[in-house]
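Below are two complexes that have chain A in common, paired first with chain B and then with chain C.
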Partner chain A sequence: MAVAAAPLTQAKKKEIGQSYWDLVWYRFKKNRLGVLGAILLIALYGSFVALPEVISPYALENRSNFVEAPPTAIRLIDEKGQLRAPFIYGLERKIDPVRRLRTWELDTDRKYPVRLFVQGDEYKLFGLIPMNIHLFGIEADQSEQRIFLLGSDALGRDYFTRIMYGGRLSLMIGLLGQFLTLVLGTTLGVISGYYGGAVDMFVQRFTEFLSAFPNIPLFMALSAAIPVFWPPTAVYFMLTIILAFLGWGGLARQVRGLILSLREREYALAAKSFGASDWRIMFRHLLPGTMSHVIVIATLSIPGMILAETALSWLGLGLRPPLTSWGTLLQDAATIRAIRFTPWLLWVVPPILLTILTYNMLGDGLRDALDPYSGR
Partner chain B sequence: MAGTSQNGKKGDILLQVNGLKKYFPIQKGLLRRVIGYVKAVDDVSLYVREGETLGLVGESGCGKTTASRSIIRLYEPTAGQVLFRSRVLSPDGQPRMVNLLELNREQMTKVRQEIAMIFQDPINSLNPRMTVADIIAEPMVIHGKYEKGRSEEIIVNLLQRVGLRPDHLRRYPHEFSGGQRQRIGIARALALNPRLVLCDEPVSALDVSIQAQTLNLLQDLQQEFKLSYLFVAHDLSVVQHISDRVAVMYVGKVVEMADSEALYTNPLHPYTEALLSAVPKPDPLYKSERIIMQGDVADPANPPSGCYFHPRCRYAIDRCKTEAPAFRELKPDHWVACHRAEELQLRGI
Partner chain C sequence: MRRTKLLSLITTTAFVLAACGAPAPSEAPAPTQPPAAPTAAIQAVEATPLPTPTLPPESKFKEAPQLAELVKAGKLPPVEERLPEQPVVTEVREAIGKYGGTIQTASWWPGVGNVLLYISEPPIKWKADLTGYEPGLAESWEWSEDGKTFTLKLRKGLKWSDGQPYTSADWKFWWEDMVKDEDYKGSVSRPSWLRKSDGTLIDMEFPDDYTVVWKSDQPLWISPFYMAQGFWEFANPMMKPAHYLKKFHPKYASDKTYDDLQKADQWWLNPEFPCLFAWCLTEISADGQNYKFTRNPYYWRVDTQGNQLPYIDAIAVEIVQDEQVRILNCAQGRYDTAFRICGGPNEIPLLREKAEASGYRFLENYLNGAGAWPGYMVNQYYVEGGKNYPDDTPEMAAEIRALLRDKRFRRALSFGLDRERMIDVAWGGIGEAKGATISPQSWHFAGPEGQEVYKRWASAYAQFDPDQANALLDEIGMKKGADGFRTLPSGKPFELVVDISDWGGSLKVQVDAAAEAKAQWEKNLGIKVRVNNLQGQPELDTRTNEGQYMLRGAHIAEIDIWTYPDWIFPIVNRYMFPLEGRWYERGKDACKLVEGQPYSCGVKPDPDSPAAKLQALYEKGLRTKTIEDRHKVVWEAIDVIIEEGPFVIGVAGDQPMPIIVKNYMRNILDYGVVGPWAPATPGNQIPATWWMDK
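Right, the complex of A and B next:
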């Protein structure tokens, strides 16, 4: 700028140039639950989406002979009552002759120290950097022994590892699906609110049609239409698109309503009077005015997406093995047999609940911060 | 002051509006059936000469805003003609009359460089999410005339010209007072060097103490940038000082238009007379009774028959109830729509 701005005192700087978003940020920071939600979400996405390879001790498909082993306890005190560095006991297979069941028993003669940053299965960090360091584990070369923080499944795979990797697909589908919903919903909402007429009519009736339809059968019909022979990634993206396709209606309606009220604001008219194109008026002047609402709605509806994926996969209509998501894990867990004999498979539920909770905390915090009429 | 441009030769006509109408449909029910129309603007005719100010006066709700917005097609008029002497649309740079209502989209966008608008509400007419710099730059950006450096200089100059400081550029509208915001709106209106500015009650939302300042600023700018104004106001006292000519509106129609001088001293329409009687007089000894109009302003959705003013007019005769008076030039440059304009002796100030 050719302007020589006068030097400003710190206090003055604070009071001027405060845009709407500065204010929002200021108010959001004061909301403890919202901030906690944001931090937890970053942690969730960081560990489940970015770093599951590092955090989990094994590779996703690493099988072992330890079929349906219960969670391994990490101990500090040994059988003689002595304090030692963290270790686990070895596992030994026993057959219960009466019940004709395979059980696992501790072999207190074998002890394996648990270490941080041990070498193990190879992987590529962020899909790029080859590495074999895992956050924790037992030294691999000692024997066949494994550490199963949350038990193992019917193929002897570490369940903790599977939950970590499953989170990646489930959390990403929520985000990707919501992103698509956002693009579709806001664009159609803005166009429908701004132009009215035939476009508006179509969008309105279509969203009504979608919302009048019972959701689960519609989901089922659409997902059943995905060909079985499609590669897993294609199925994944198709499912994302289906979720977004069913979700945009509500958002479009809300955006449309907001645009209807903003459209008559004089600054939109002013832009038009200077020759601004419809495009410019819609996306430069009107859409930003709806952004705060859109962000809140989007944040609060991501959990719905994640749950929808989980529900569909659980019904066997969403993701299918070899893809691993919280939904497919839940499918394994939700049988009478599993609940009776391998209850640790239900450990997939807490992360799902935690995700939903944190999104709601963040969403509520954002709503309070973005709402111009709330308590200030 | 009023009438300054009246000395000597009169300017060319810059804007001429003929029989402009804007009806808003009244819709009802699920199927949005049209059950009637609000005749917000119902036959407005007026003209503005180069370099002059035409005051457009009328009570609240008589259609002034709708008329000015219809002129630049912020609302699509129902009928009429809006002739404008445009430079940008003529191939040889010689100003040429075009009918704005017949222009296609692209041509209309071009003409918008020459006609700017200042809005009544200084809060709502500035986008709260844009900085002052962005707001003033927007007309230039829209027309592809924004160049880094040069345009920024223009913006700073404009800002200073309207009485704001360069360090205001990075601020947002909500940090300013009403008067300052209106100045931002004025700077934006001047960004493209327009020739006609439509001012829709630019001062009526401001404190009385700031109104005079803002009016003076507008007058100075008119001289400096060779602007013509269509200046909308809801009472005659505001436009008295700044208008060369005045048009009076009643329920969607212009009922009288004349030089300020002639209109104030020698009105030809009973409605103008009634409005004038309400204008505060500078001389306290000058006694005049205020004419109290009976009844309410007519409803533009359901106007009276004949002359719209007849239920309130104290000179009404039978003919007024059935026959609408034509808008005619009774004396040179003095237009009026009243059956009895010739015979009545009305009081001015």
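Right, the complex of A and C next:
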């Protein structure tokens, strides 16, 4: 379209014959929060889902003898007040027998420069390319000193690493779960809206039945049904399916509502009179008309999925160790002792907040943009 | 450290708002004094028993002000008539107390058993320092020369809390109408220690009001000491007020059923039930969340100045099931005494920080008494049915059983654990790495000889030696399969299943330790491990008792192995020898199989098997007259365990416990071992002498 409009002025260009999606894109670009959300979201998925191996300094299950060590401060000024390249001090374990407490003290005689792109634990990038380069780290023997950007946990694992890897499961469960919800919800919504009658009756009563159930007991029952000897990955997919299974009702209702009006439109009637099959009318002609709506709903309800995973795993009903997700990480922080003596275990909260916020920003931007004909 | 500071600022602010202000870590006091040795022997705390006190002549008995008012109003007989002929004069630990006050405390246990533990006072009780027994409710006892007749003398003039006399008639009712009445399924027990060698109940005679005679065809040297446990062995099954319960017994009241009797026969739930202790239950709130125990006006102890005990008016208990909430309450000083409710050793740092501000003190010499916390029991007769494998057949079970019974395998597991690292993970780096034993404070280990036995046991196979472990596994024939994990000698894949629960009181300790043990066994030995967290699951104990578990995370603590034999002698359906113990418990070969349950009679131990040897030693102990000689039998049994064992893969040992009381609490002994069953600590103290100095 841009080619045909070349001689015209910028302002004219936009007024002339632009497609729906061009308008959407234009509207979306003007929504700064929405764009910010999109960029942040790409960054989040890029770092937490695609590249946690590279960004985190250690492998996920790499245990150390630095148990419950506090976050390592990266310093520029040493104990003599001199400016140096970024470095960290060594850590030394101290036992306080009266308080019955293990503490970690700085050993200012030992300094370790922090470097970018250091060699460390082996991993496979994207599950394919063997590598051992990590974004940052220190070049020291792992038993002598480590860098814990956000402290370490009760087994001496780097908590920053755990949050990075935990994000992979938590963020993916949102996407996967939402994808399943979309498939289920739109299919059933379209069928229900298009056919009406007994089918509609059945689908609608079923969604009501599902949404009338109290969620937590239903989750408990379903997750208790997952056999213990299943491998963790199977548990993960099962949980995804459970989340999707419980989440599709609302979407199906909205899609049904849209279809009810769309199926009376002329183009639908025309398709019908040309002898198109029901299937073709539903998914070729009617469904695209609901897409803008569906995308917004999907974007806005992914955070719900992520929070559901987090909450369920925190309650011990969702993912279980050895799987690492944000929910299972939160479990470690659920005692008074943890809050008092290892407060860095709460660092898993900001990424959750950030994810939810970015999804909401993006979703709001999309909602405005996908309805470009509304005046505002 | 800016990041840390900011974070701790945020979180501590939240924490302060939540309830409980925490000072920044840097303000913590520097260590000034070393703590008590983690395995302080009992003898170090109190070597000499207290002399039996007597009242000064012509002293007059005194009583609590509320009781004096009731006497004045004519609602209660005077104190001289309420006390027995010879009140038990009790030495107080610090000072003669003042009357008054209500102890506020809590329980996680519907039925508040942790409080009943120290309210219960049996006829024969443990000395406060756990070095032996002393008379309690009973005045004295003696055995015949052959030990087959035991005579218990009750105190004259002792009364129930409703004023009725406590005599052998109550014992007769308990024995004839409750224990021997097989139709009654309520709170009585018919334990093995009240049975003859053929399994029938012993004979009991009641020659006069104050004498109870037990007669058996085998020596009763040990049986009476079971009562010293107090709560489970005396108060629940034996404290039966005949005059009250006859009103509900179908034999005496034709309109009543056994259900009525069972309902009335619950001294811990029924406020009408007369009791014999310093405080009796008088109130339960409608929701069952608050219990109140009020002073017994007929209590039978006086202090050395003739004041009738107890000093404290009442004990109020609230049920708080969430441990984290209880810990917060403890840290805020909401409880006057807190014996088992403030969590485990890992909570000590938090509670210490709040001690001064909240006005409580630690009873510094309180220990858990754990000989292994955690330790991993190894099932000595593994059978099918636990669904540990897709291929859960008797043949597969036989292979695994052979492996678990092979001492080389168990030693390899023991050598394959880096215990220091496990302590770092589970216990904040503090604790003693050792093999599994019973409580280090046990009186079996008193004296140099006993100490030597203890040390030998604690150090057996407890060093970290992966090379030796792998050599042992190679010798058994466990080769590494394609996945890098060792297979069964037959070449079938093998996965070791470790059941865990919150045994010992801290689920987190067991979970962390099991995760670490799994990682270590997989890495050091190449044995694939699955951790099976069964907390709150109904199959937790069934898997153990039916012999369907492989390893189970446990907490081991026991002071007296003769009244709680399970950790050494396989004579009950439990722990490491569930099926061999069941065979002994169900009358050996006399037991009749239940159809369709091939293990309902247990399994007869092979001659020369460890179970057979230990059962024989148990029977030797039953025939042994003196306590000193019985200690020697325990040492013999421990030699068998060292020779054939280990049966429990021990990890870490004893820990101090966060036992706190408010600063104004007086006369509380600063020593105790809360883990073991037998002494029901602090039931071995005399809480009636506690008082509040405020």
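Assume the second predicted complex is superposed on the first by the 351 of 376 C-alpha atoms of A that agree within 3 Å, B and C clash if a C-alpha of one lies under 4 Å from a C-alpha of the other, contacts with A are read in each partner's own complex, and residues count from 1 in each chain.
Keep in mind that, in the parts below, contacts are C-beta pairs under 8 Å (C-beta built on N, C-alpha and C of every residue); 3 or more make two chains touch, one makes a residue touch a chain.
Please read these numbers as outputs of a predicted model, since none were measured by experiment.
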Contacts of A:266 with chain B and chain C, given as first, second, both or neither: first
Partner chain in contact with A:336 - chain B first, chain C second, else both or neither: second
First (chain B), second (chain C), both or neither touched by A:96: second
Dominant toucher of chain A (residue count), chain B or chain C: C
Residues of chain A that lie at the interface with chain B and also at the interface with chain C: none
Chain A residues within the chain C interface of the complex: 61, 63, 65, 67-68, 70-71, 73, 93, 95-103, 154-156, 228-229, 321, 334-337, 339-341, 343-344, 346-347
Residues of chain C touching chain A in the complex: 1-4, 7-8, 10-12, 14-15, 20, 22, 25, 28-29, 31-35, 324, 327-328, 331, 345-350, 352-353, 390, 421, 424-425, 428-430, 508, 512, 515-516, 519, 530, 532, 656
Of all residues in chain A, those that touch chain B in their complex: 1-6, 16-20, 265-267, 269-277, 280, 285, 288-289
For the chain B and chain A complex, residues of the former touching the latter: 69, 72, 74, 108-110, 112-113, 116-117, 119-121, 124-129, 138-139, 142-143, 149, 152-153, 156, 166-167, 169-172, 175, 185, 188, 192
